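In what follows, chain A forms one complex with chain B and a second complex with chain C.
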Partner chain A sequence: MASVEYRHISKVYTDDTRALEDLNLQVEDGEMMVLVGPSGCGKSTALRLLAGLDPVTEGQVLIDGKPVNESPPQHRDIAMVFQNYALYPHMTVRDNLEFPLRMMKLSRMERTKQVEETAYLLGLSELLQRRPKELSGGQCQRVAMGRALVRKPKVFLMDEPLSNLDAKLRIQIRAEIAALQKRLGVTTLYVTHDQVEAMTLGDRIAVLNGGRLQQVGRPQELYDKPDNTFVASFLGNPGMNIFSARLNSEAAIVDLADGGWQIPLESLLAQKPQMKQYLDRPLMAGLRPEAFSTQITPSAEVVVEAVEPLGHERLVYFTPSDTMSGSGQETLVARLTGLPRERVGESFRVGLDPTRLCFFNKEGEVIA
Partner chain B sequence: MRERRSLAALLISAPALFGLTLFVAVPFFLAVALGFTNLRLGSPLPLEWLGFEQYRRILTDSSFTRALINNLLFALVVVPLQTVLALSLALLLNQRLRGIAWFRTIFFMPVVFPLSLVAVVWVLIYAPGPNGMMNEFLQLVSFGNWVPRDFLRDPQLALPAIMLTSIWQGAGFQMVILLAGLQSISSELYEAASIDGAGRWRQFWHVTLPQLRNTLIFVVLVTSILAFRLFDQVQIMTRGGPHDATTTVMYEAVEAAFTRQQVARGAAMTVVLFLVVLLISWLQRRVASQERELS
Partner chain C sequence: MGYVKAFLIYLSLLLIGLLFITPIVFMISGSLTPDAGVFAQAGGWDALWSAGVSLDNYRDVFARVDFMGYLFNSLFINGMIVGVGLLVNSLAGYAFARLQWYGRNLLFKLVLAVLIIPLEAIAVPLFYMVSLFGWRDTYWVQILPFIANAFSIYLFYTFFIGMPREMEEAARIDGAGVLRTFYCIIVPNAKPVFASVAVLTFLTQWGAFLWPLMVTSGEDVRPLPLAIATFYSLPPLQWGDIFAFGVMMVTPILVLFLLFQPWFVRGVVTSGIKG
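And then the complex of A and B:
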C-alpha cells in the first residue's frame, strides 16, 4: 500500500515530443485513480514514468513520499498490466503467474499456494498448463491481470487493460477489477480512453489533454462541474452540449444559442452572482443532453437532424430554428426518455433546465 | 488445370533440378558406389568390388581414426566457445550506442575474408621465435614468463591454434544471426520482466535465452556441421601435421583421393563424414523438437 505523487513532471522524448507538461497529481493510499484523455495525450507515458520504464525529464515521482526517480523498475514494487498483455510466450500460464514470485525468491510451496489462489480468483484454474498463444484475448487479459495480482504490490498500473475485449467481457472484467481493487485496497492507476470506464471505475478521475492535466476530481464532480469545455465535452456519452450565451443587460435576459432559448437575467444572477462581470460579453454555455426535456420551459422550436433510438431512451440531434440567420449553429443533442416521436426535418419544442447550465469564458474556462 | 500447373512447376524448377542432379545427386551416389570398390587412378590392377572391405580398412587406419577424433575434439571445443563468444558479442552490439553500426561491421569482417587468406594471416601471427606476434603477445601478458613456441609444429599446440583461428573467423557469422534473433525479441517482455522484479541477469536468463532458443539451435547446428568439414585451415596452416595432430576427415579424404589417387578410399571417407553430419543433424533436430513439445 502506498501513496503516489507526480510533482512538476515533464517528459520530453528524444525526438522532442513533449508527452507531459508540468503534471502535478497525487494519488492517495488505496485509491483508484483513472487517467483519461484522447489518444496520444500522455496517459501511457505517465504510467511508464511511475513504473520506471522511462526516465523523467523534469520533476519528481514519489512513492510513499520518497522520490524514486533513480530507482529501476525492479526496485519499485509496482505491478503493471500492459496495453497488449506482454505475457511471456515461452511460459505456461502457471509460469507466467509464478514469475514475479520466483523473482521474490519465495519458497516453492508459498508460490504454488499464491498462484493457485490468484488463478481461482480470476477463473484461470483450468488454464494453468496452457501457453499464451493457446488462450483467447479475454483469457490473456486475465493472465496479465493475474501476473500483476499474485504479489501484493505497492501500486497497480493498468494501461487500457480492457481495450481488446468485446463489450460483454469488458463490462464483466470491469466489475471484477473494481471489486478486486476495493477488496485488496491497492493504490491503482488505471488508464483508459473510454470515458464510461472512467466514470464507473474511478474513485477519482484525472483528465489529460495534450500532455496537460485538465481536471482531477470525483466522477460526479467532473461530470456536473467541468473546469473547462474540454472536460465538459470529453466526459459523458454524448458529451456536454456547448453553445453560445450572452447576458443581455438591456433586455434583462440571457440569450442562449443565439436566441434559441431565453431565460430572465435576474434569476440567473440571483443564482450565480459572479456572472455580473460578464454582462454583454460573448460567453459559452454548457448543458448535459439529459437536461433537455419536452416537458419544461423555457422551450424553443428546434429542427430535428437525426434520431438515435437506444431502447429505453433516445438521442435527438437538433439545431435551434429561431436562430439569427447566418450564425453557424452547431448541432445539439438531447437525451429524451421514451420511444422516438420526432421525424428528421420536422420541428418540435424542447425545453431546458436552466439550473444545470454551466458557463465558460471565451477561453473555455469555467465561470459558474 | 491442375496438371497444367504442375507441368509449369516442373518446367520452372527444371534448371535447378538438373543442376542438383548433376552436381549433388550424381556425385553423391557415385561416391557411395565407389566406396565399395578399389578404384585407384593410374593403377594397373583391375577394378574390383570390395564391399565393406574399404570401410574396414579406413576405420582401422590410425590416421583416419585420429582425424575423426580431431574433428570431434574440434567440434566439442569450437562449437560451445564460438557460440558463447558470438552471443556475448551480439549482446554487446545490441545496445543503442552511437556508431554501433561500425562496430557491427568490424566484428563481421573476418567472415567476409576468404578462409585461405585468414589462414595465411594467422600463420604469420603464429610465427615461431620471440618475434612471432602470438609469442610476443603471450610474453607481454605473462610478464616475460612465456617461452616462445612453434605453435603450428607443436603436437600439443597445433590443434588449439587452428581452433583459435576458426573461432576468430567464424564468430562474426554467428553473431550476425544471433543479433537478428535478439532484435526480434519484443522490448515489452524485458519491461514486463523488470517490473516483475527481474534484474539484468535474470532478464537474460528468463527472457533472452528462451526467446533465442530456436536461433541458438540453428547456429549450433550449422557450426557443428562446419566443424566436421574443417579443411582450409588445416591445408594451409599445418597440412595435418605434426604427426597427424591436426588431420581431419576432410583432409584425409582429399589427401587420399587427390594426392595418392586412391579415389575409392577418399569416397569411402566422405561417406563416413556424411553419416556423421547426418547423425548430428538428426540428434539436434530431436533435441529441438522434444523441447518444443515440452515448452
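And then the complex of A and C:
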C-alpha cells in the first residue's frame, strides 16, 4: 500500500510535444483516483511517468514520499493493466499470472498458491491452461488484471482497461473492478476518457485537458461545482449547458440566455453575495440538463429542435425562442421525465431551477 | 473462366519449378552415373536420367579427399557463425530498436552503410589485418569476421520495431530487467525472424570460397567449397565425382531448410494483443 504524488511534473516528448504541464496531484493510500479527459490530454503519459516507462522532463514523482524518478520500472513495485492487455502470447494463462512472481524469485509452492488464489478471485481457474489467443476479450481483460494483482503491488495502474469490451461487459467488469479495489485496498490510478466510468469508479477524479490539470475532487463535487466550463461540459452525458448571463442592475433581474429566463437579482445575490462585483458584465451560466423541468418557474417559451427518447426519460434539444437573432446562442438540452408532449419545430414552456445555476467569468472560470 | 485462369497459373508455376529443378536433377543423376557415362551424356537431355546406377563416384570422393574432415570444418564454422551471430545480431537489433542510448542513431546509420560494402571490397585489407594478428590457418579467422552482420542486424531491427511495445513494457513493470525481457518475452515471440536469419546466414556462408582460400593453406581447417576445387585442379577431371561432391554439399542445406520451414514460412508473430 502506498501514496503517490506528482510534484510539478512536466513532460516534453523528444519531438517537442508538451504532454503534461506542471501537474500536481496527490493520491492517498488505498484511494481510487480516476484520470479523465479527452483524447491526447496526457492521461497515459501521466501513468507512464509513474510506471517509469518514460523519463520525466521536470518535477518529481513520489511513491510513499520517496522520489522514484531514477528507478527503473522493475524496482517501483507497481503493476499496470494495458488497454490492449499486452498478455504474453507464448505463455498459458497460468504462466502469464506466474511471470511477476517468478521475477520476485518466490518458491514454486508460494507461486502456485498465489496464482491459484488470484485465478479463483477473478474466475479464471478453468482457463489456466489456455493461451491468450484462445480467450475472449473479457477473459483476456481478467487475465491482465490478474497478472497485475497477483503480486500485490504498491500501486495499481490501469489505462483504459475496458475500452475494448462491449457495452454490457464493460458495465459488469466496471462493477467488479470497483468491488475488487475496495476489497484489496490497493492505491489505484485509473485512466479513462469515459466520464461515466470516471463518475462511477473514482473516489476522486482528476480532469485533464491539454496536459493541464483542470480540477480534482470527489465525483459529485466535480459534477455540482465545476471549477471551469471545460469540466462543466466534460462531465455528465450530455454535459452542462453553458449559456450567456447578465446581472441587470437597472431592472434588478438576472437575464439568462439573452432574454430566455429571468430571475430576480435580489434572490441571487442573497444566495451568492460574491456575484455583486459582476453586475452588468457579460458572464456565462451553466445548468445541468436535469435542472430543467416543465413543472417549475421561472419558465420560458422555447423551440424544440430534437427529441431523443431514452425510455425512462428523454433528452430535449431546444433554443430559447426569445433569443436575439444572431446572438450565437447554442442549442440547450433538457433531461425530462413524464409524458412527452414536445414536438420538433413547435414551442413549449420549460422552467429551470435557479438554485442549481453555476456562473463563470469570460475566461470560463467559476465565480459561484 | 476461373478454372482456366487457375490452370494457367499452375502451369506457369510448374514450368518455372521445372526450370529451377533441372540442374539439380542433372547433378543427382550425374552423381550416380559411372564417369564414362557422364561424359558421353554431357550436354544432352538424356543426362536427366542416369545411364546406370552406381555409387562409384561417392566412393571416389571419399577416397580422394577427407570429405568428413571438410564437412566437419564447414559445419563447425557455419554453426559458430550462425549460432553466435544470432545472439550478437539479435541483441544489437534489439538495442537499436528499443533502447535509448547516446549515439544510437549515428551508429545505426553506419550499420546501414556497411550493408552495401561487399566482402570482396575489404577482403585484402582484412587479410592484412588478420595476418598481422597471426590468425591465419585457424577456424577463428573464418568465423569472427562474419559474426556481426549488418543485414542480420537490420532484419532483427525491423522485426523488433514492429512488435507491440506494451508486451515488453508489461514485462518491465512485472519486474524483469532488459535482458530478461529480451529472452523471456521477445525471443519466444520472434522465432520466425530467428529462423529466417539463421537460414539466410547459413546459405550465404555455406558456399564461402574467397575468404577461406585467402586465409587458409592447410587442409585441417578448410571448408567444403575449397575441397571441391581439388577436383577441378587435379587431373583427371571427373565430372561424376564433382556431381557426387555437389550432392553431398547441398544436402545439409536442404535438411536445414526443411527443419526450419514451418517457422520460416509462417513469418508472422501470433500476438496476444486483441481488438
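Keep in mind that, in the parts below, the second predicted complex is superposed on the first by the 367 of 368 C-alpha atoms of A that agree within 3 Å, B and C clash if a C-alpha of one lies under 4 Å from a C-alpha of the other, contacts with A are read in each partner's own complex, and residues count from 1 in each chain.
Methods note: contacts are C-beta pairs under 8 Å (C-beta built on N, C-alpha and C of every residue); 3 or more make two chains touch, one makes a residue touch a chain.
Everything numeric here is computed off the predicted structure, so don't read it as measured data.
In the three-chain model built by superposing on chain A, chain B clashes with chain C. Contact with neither chain B nor chain C is seen for A:189 once the two complexes are overlaid on the shared chain. The wider contact with chain A, measured as residues touched, comes from C rather than the other of chain B and chain C.
Once the two complexes are laid over each other on the shared chain, residue contacts for A:100 go to chain B and to chain C alike.
Judged by the touch definition given at the top, the superposed model places A:206 against neither chain B nor chain C.
Of the two partner chains, chain C is the only one that A:132 touches; chain B does not reach it. In the superposed model, A:20 makes contact with neither chain B nor chain C. When the two complexes are superposed on chain A, the residues of chain A that touch both chain B and chain C are 51-53, 72-74, 78-80, 82, 84, 86-90, 99-100, 103-104, 147. Against chain A, in their complex, chain C makes its touches with residues 164, 166-167, 169-177, 180, 184-185, 188-189, 269-275. The part of chain A that touches chain B in the complex is made up of residues 51-53, 72-74, 78-80, 82, 84, 86-91, 99-100, 103-104, 147. Touching chain A in their complex are the following residues of chain B: 186, 188-189, 191-199, 202, 206-207, 210-211, 213, 295.
Within the complex formed with chain C, the chain A residues making contact are 51-53, 72-74, 76, 78-80, 82, 84-90, 99-100, 103-104, 132-133, 137, 140, 147, 151, 164.
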